[in-house]
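So, here come the structures, one by one.
Here subunit A shows up in two complexes: once beside subunit B, once beside subunit C.
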Partner chain A sequence: MQLIDLAPLLPELILVFLVLAIITVDLFLPRNGKWILTALTVSGLVLVGAACIPVWGVNDRIFEGFYVVDDLSVFFKAATVVIGILAALFAPSYLAQRRMPLGEFNTILIFSLIGMFVLASSADLITLFIGLELMVMPAYLMTAFHKTDRYSNEGGLKYFLLGSFASAILLFGISWTYGLTGSTRIEGMGALAHAAGPAGILAIGLLTVGATFKAAAVPFHFWTPDAYQGAPTPITGFLSVGPKLGAFALLVRLFAEGLGPMSADWYAVMAILAVATMTGGNIVALTQTNVKRMLAYSSIAHTGYILAGLAAFAHAVDPDIRAQGIESILFYVLGYGVMNMAAFAVVGMLQRDPRRFGGLGGFAGLAGRAPWLAAGMAILLLSLTGIPPTVGFFAKLYVLIATVDAGVAWLAVAIALNAALAAFYYLRVIVYMYMRDPEDQPAPIDRSPVGIAALAISVVAVLALGLFPEPVLAFLQASVASLF
Partner chain B sequence: MSDLPILSLVVFSPLIGVLALVLVPRDNHRAMRWIALLAALASFGFSLALLGYNTGGAEFQYREDLSWIPAFGMRYTLGVDGLSVVLVLLTTVLSVVSIFYSWDPIRVRVKEYYAAMLLLMVGMLGVFVSLDLFLFYVFWEISLIPMYLIIGIWGGPRRIYATVKFVIYTLVGSLLMLVAILAVAIAHASAGHPFTFSYETLRGFGYADGLQALAFVAFFLAFAIKVPMWPFHTWLPDAHVEAPTAGSIILAGVLLKLGGYGFLRYSLPLLPDAAVSFAPIVIALAVIAVLYGAMVSMVQPDLKKLIAYSSVSHMGFVTLGAFVFNVQGLQGAIFQMISHGITTGALFLLVGVIYERTHDRAIAHMGGLNARMPQYAAIFGLFTFASIGLPGLSGFIGEFLVLLGAFQYSGWVAAATMLVVIMSAVYMLWMFQRIFFSVPSDWMRRWWPSLKDMSRNEWLALAPLIVLVVALGVFPGPVLDAISGPVDRIIEAIESSQGLTSFSLPW
Partner chain C sequence: MGLQGYLLVSAILFGIGAFGFMARRNAILMLISIELMLNAVNLSLVAFNAYGPPGSPAGAIFALLVMAVAAAEATVGLALVIAIIRTRKTAEVDQYADLKE
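Showing the complex of A and B:
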């Protein structure tokens, strides 16, 4: 029997050992020494990021073709590492105030990251499904992580039930695909195009519903607000970007790689879903007075913008323009990941008093009480709105370029109008921070140095990537090239 | 000397001021005021170097060109022609004036205030000197947020409503403009050229009719909201009434000019065919704006609102002059922008002077001020006449040239617009009479003992505007020389165009 070369799996292997290390070390740490866990997790993740470098350019299929390590997967993994590090830095202080165990959190977080790695690298529908479940099972646990809180439990249960439902639909779609094409390889899915009649449509339909359920696209978004609101706030930040990154890795693998050759058939569905998602998310977000819930709904709107990138891919014919659609998805997911996690972290910092639920009132007069925190949050909100020079602006710009270039200018117009709509509720938080007086008993602010440092780095990154996106652009253009 | 990046220095000196402000302790207001003033003065000083601009050519001068985001051909390209030069000078002068004037009125959150003012300067100056459409858009948006904060934090009682309305209106227009910018650049790139946002490259390209029509509408919407044109003007009175004095000066003096500049720099040369075809509609809207603004001004009880609506009327002249496509009209439009910037800036400052003393702007509450504040009455009178368009002051030149241009286009348009000359005299003089000569109201008498005439600082702030309004009225030559090159260039682009011949949507 031939031994498998495990070198391309180095990042995944380090992650697995990291989980084991965290569980073991946690057992021997005194109650006041838990910060070592954060240090261990972050340094381990940095190591994983470093291990991604030698894997770049390998472009190999291993495990009999079930698992692909191409440059696209490396990009997703690098973005996953960034999100993981931010989650590990933002969470500890919030969890400690509520007596939630840090060791378990870090363990669950890393498990979820492993799932995202597997998802990004899947070359087979079976691997894809395993990766997906490995990613979302820990996410269910994280949502319900605040054991003594009713909302957390409710959110976790809802997320679990609806998530399992979606997984089942996806699995059903996979089984139809297998039945029609006789293969579970993603690259063989193009054969569905020849499966004439309702069966092929059913297979693709089930796959679409399952995948967009995971990405929280309208009308399959009903689980998000409750899950996001119930989860501990920094975890919500992770949930709103981590599993979303995974969902888009899944969408890119399934639709761009697998069903790419027949993209003309599903273009209209994606475009309609994109517009419905961005508009629906924005309209509901407009009416929220709770910042946490507002960010949750707005994350649905962002899903819509990203789906527009996929629609642009589908509509374009020229390979360069198709690549642009995928690039816009990757850039958006990364930029959105950083800015949204940081924004949720600020909400978390204002919840030092556990009775606070992230209402707008807590933000009133923040500019006077904590000018730097308010300025940072203002930059993040402007970035989420899409005002230059921030990464959020460049991400929207990328999607706009992709859509206009692909000849779907009406989608670009829909995005532009939606961005103006979103400005209304994002800027409302700035109104509260800068233009209103603080409440009688203003919310105490959590000023843990680790969280503040991570926030500062995120804000600087949001500005730097907005002004000088070129290094990331070069990276992601090279990684998408492996797909075509 | 020519190696010095003058334009970057003009645009980014205020940014250095912002960084310096961050380091000043929170309660040292004196240092903050000096830093802000010095930063604005530095920018003004560098902008004076642009007086060495060669009026002979229509080409862009003082060019700077650096690679920025090569993946999409976005470059950091700056350059000025005569049109930019006069607007840059207007911006730096008005910014210095308004920062200097804020010395006394702004007493809370001083640091944030001056940081916002300086950032606003960066955005506005950047718009006037960018030669890359993407860079232009970035500066355009950067100018939005500081004004949002200035109105929202230091404004009047309904400031939040006003500022949110201002931002949402502007954003809707500018985001659609972004799509249009991308569409234009991509259309150029799909014809086999390298991807670029360079203005000089994109303006000569013959775009398909359908694209031109849609892009023109998108650009037009962004600029028309900014100008603001009827029926997109409703944010302006609210924003002006609630804005602090310096905010109003900049808003009326410079921010509205971004719209007029957009028409002249982008709408006409970039999309000449669509501009020709849409001109009758635009002219109709402009005439409505001119008349409507004047009529509504006549019945305003609030001094600031009156001047705000008169801006709608005066800026209507700018749009009208831009779209009649002849030398007089275009020169008049540009001159009117400069003149309106100075005159209206000064009028808002003067409103601020009385507001600081009485905390009220209702015209009905005033009266007989001439007796207590004769200097104030004299200066107010000067700018009232400038606003009406009295010969010898700057307002006359612009309106006269635009009317001349409009007459060549159509006698009816000129005749209709001519009516406003009478109407503006009515609302301005009636306002002046009620404030300064009528019997003082009981309300005003309460303030009577404490009313002082203009302070030294107020004189200092107004002095440059007084000089300019007279100088430009008597010697308009230098400005008209400076803008003749760009005007000829626009006429050339328009005359070689046939208008839209066919319509087909690009999707």
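Showing the complex of A and C:
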């Protein structure tokens, strides 16, 4: 037996040691020294990001083919690190005001990130499932993190019950895939095409339901608004982008890599789900007066736009256009990750008073009270709407180009119409911020320097990615190339 | 009883679990229903392994790992149920209706 070369696992190993370090250091810190944990987490994550550089271009399978370190997985890992750093910076002040422990938060966060890493690197259905569970179980706990708050408990339990139900369905699909193909390898899933008949359809159906449940696609989205509204707001920001990134890593691995050879069979399902998801999410978001819940529904709509990229991949035949579909998914997930997380963080900053739940009234007259915060939020909302020169515009444009090139122009029309619909509820918040008078006793604003700094970084990133997307696109194209 | 028999039992178990999850309104019974579904998956995995291509224990190993995941899931689930019973004094999920439009 030869020893396994652990060098390609460097980022994962650093994450594991980071968790152990956080747990240990937390034991010895005095109550007023907990900020060291945030510093430790962020510097550790920066180190993990740096460790992603040497594994770029490795493109190797380890652990007898159970684990793949290809450029696609490195992209997902780099995006995960960005999301993790933002989560670690946005949360501390909100948690401290409500007496929630920072050490446990950072520990659970890093565990979830490890799950996302494993999921992104899985070459086998066993690894995929373990990574998925390692990602979502900490997410359930984070949702219910405010133990004494009834909303947080409720959101956590609902998320847990429906999430586990979906995991069981996905797992049953995986089991049937294994039974029909005789292998648990993802690259062997294409053999399902030969397993025609009801069993093959059952397997693909169960996989589709389970995976789109995790990505919160309509009609499997009903856990999303409750879980997102119940969770502590900065954690909602993480939930809406972290596990979503993981869910799309899962979809890309399962459907693009595994079932890619038979994409003509599942194209129609994915396209219908995409349109149902963007339309359903947007229509319900229109009626919300609570900004936190509105952003929860709008995150469903964004899932629909990203699924359209997957449908474009499925419909195209030319490998270049198929690659473009996957690239549009990855770019959207990254851009959406930064802008949505920062938007939730702003909602959290307006909840300095714990009795505030993110109502639209709290945004009234924000431009007069905190001009910089209002300007930042306005940029984030414009980006979520998809107005240039922000990353949101470019991400939508990329999905549009991918769908048109793949010959599914009707999907592009659906996206454009939905973007117009979404503009209404995003711009309404901007109207409240700039054109309404503040409430009689406006909520105090949380101005913690760490949170403001993270917000500034996010807003700059949103603008920079929109103005100069070329470096990221080059990175994307190289990482998707490893898939084909 | 061949492979089909095991798969039939597994499908029935999965169906009972899924039905129980949707019909029961007690959080702990819903958790038990999910465990039933996972056990149905395990049964199908080991059956596929036993009747599948010889020499590869992938299905049996998968079943062992699913058991470990199920145990972790039960732990997380019970912790969440305990936390919510502390604030609500009930395990009936219909009573958990504070989060809505």
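Here is the rule we use: the second predicted complex is superposed on the first by the 484 of 484 C-alpha atoms of A that agree within 3 Å, B and C clash if a C-alpha of one lies under 4 Å from a C-alpha of the other, contacts with A are read in each partner's own complex, and residues count from 1 in each chain.
The rule we apply is simple: contacts are C-beta pairs under 8 Å (C-beta built on N, C-alpha and C of every residue); 3 or more make two chains touch, one makes a residue touch a chain.
Note that this is a predicted model, so its numbers are computed, not measured.
Chemist: Using the superposition on subunit A, tell me whether subunit B and subunit C clash or fit.
Modeler: In the arrangement built by aligning on subunit A, the partners subunit C and subunit B fit side by side.
Chemist: In the superposed arrangement, does A:Leu473 touch subunit B (first), subunit C (second), both or neither?
Modeler: A:Leu473: touches subunit B, not subunit C.
Chemist: State whether A:Gly205 touches subunit B only (first), subunit C only (second), both chains, or neither.
Modeler: Neither: A:Gly205 stays clear of subunit B and subunit C.
Chemist: Between subunit B and subunit C, whom does A:Pro261 touch in the aligned arrangement: first, second, both, or neither?
Modeler: In the superposition, A:Pro261 touches no partner, neither subunit B nor subunit C.
Chemist: Check the residue A:Gly57 against both partner chains and state whether it touches subunit B (first), subunit C (second), both, or neither.
Modeler: Touch status of A:Gly57: no partner.
Chemist: In the overlaid three-chain picture, which partner chain does A:Leu171 touch, first (subunit B) or second (subunit C), both, or neither?
Modeler: Only subunit C is touched by A:Leu171; subunit B is not.
Chemist: For A:Pro444, select first, second, both or neither according to whether it touches subunit B, subunit C, the two together, or no partner.
Modeler: neither
Chemist: What is the value, to the nearest 10 degrees, of the angle subtended at the Cα centroid of subunit A by the Cα centroids of subunit B and subunit C?
Modeler: Taking subunit A as the apex, subunit B and subunit C sit 140 degrees apart.
Chemist: Could you say whether A:Gly230 touches subunit B, subunit C, both of them, or neither, answering first, second, both or neither?
Modeler: Second partner only, subunit C.
Chemist: Does the superposition put A:Gly361 against subunit B (first), subunit C (second), both, or neither?
Modeler: After superposing on A, A:Gly361 lies clear of both subunit B and subunit C.
Chemist: Looking at the overlay, what does A:Leu417 touch: subunit B (first), subunit C (second), both, or neither?
Modeler: So A:Leu417 only meets subunit B here.
Chemist: Quote the smallest CA-to-CA distance from subunit B to subunit C in the superposed model, rounded to whole Å.
Modeler: When the complexes share the chain A frame, the smallest subunit B-subunit C C-alpha distance is 24 Å.
Chemist: Same subunit A residues contacting subunit B and subunit C, which ones?
Modeler: none
Chemist: Touching residues of subunit A toward subunit C in the complex: what are they?
Modeler: These residues of subunit A touch subunit C: 125-126, 129-130, 133, 137, 140-141, 144, 147-151, 153-158, 160-161, 164-165, 167-169, 171-172, 175-176, 178-179, 182-184, 225-226, 229-230, 287-288, 293.
Chemist: Give every residue of subunit B touching subunit A within the complex, in rising order.
Modeler: 69-72, 109, 112, 137-138, 141-142, 144-145, 148-149, 152-153, 159-160, 163-164, 167-168, 171-172, 175-176, 178-179, 182-183, 186, 190, 214, 506-507
Chemist: Write out the stretch or stretches of subunit C touching subunit A in their complex.
Modeler: Answer in residue numbers: 7, 14, 17-18, 21, 27, 30-31, 34, 37-38, 40-41, 44-45, 47-48, 52-53, 56, 58-59, 61-62, 65-66, 69, 72-73, 76-77, 79-81, 83-84, 86-88, 93, 96, 98-101.
Chemist: Residues of subunit A touching subunit B in their complex?
Modeler: Interface residues on subunit A, with respect to subunit B: 367-368, 371, 382, 386-389, 393, 397, 400-401, 404-405, 407-410, 412-413, 416-417, 419-420, 423-424, 427-428, 431, 434-435, 468-470, 473-474, 477.
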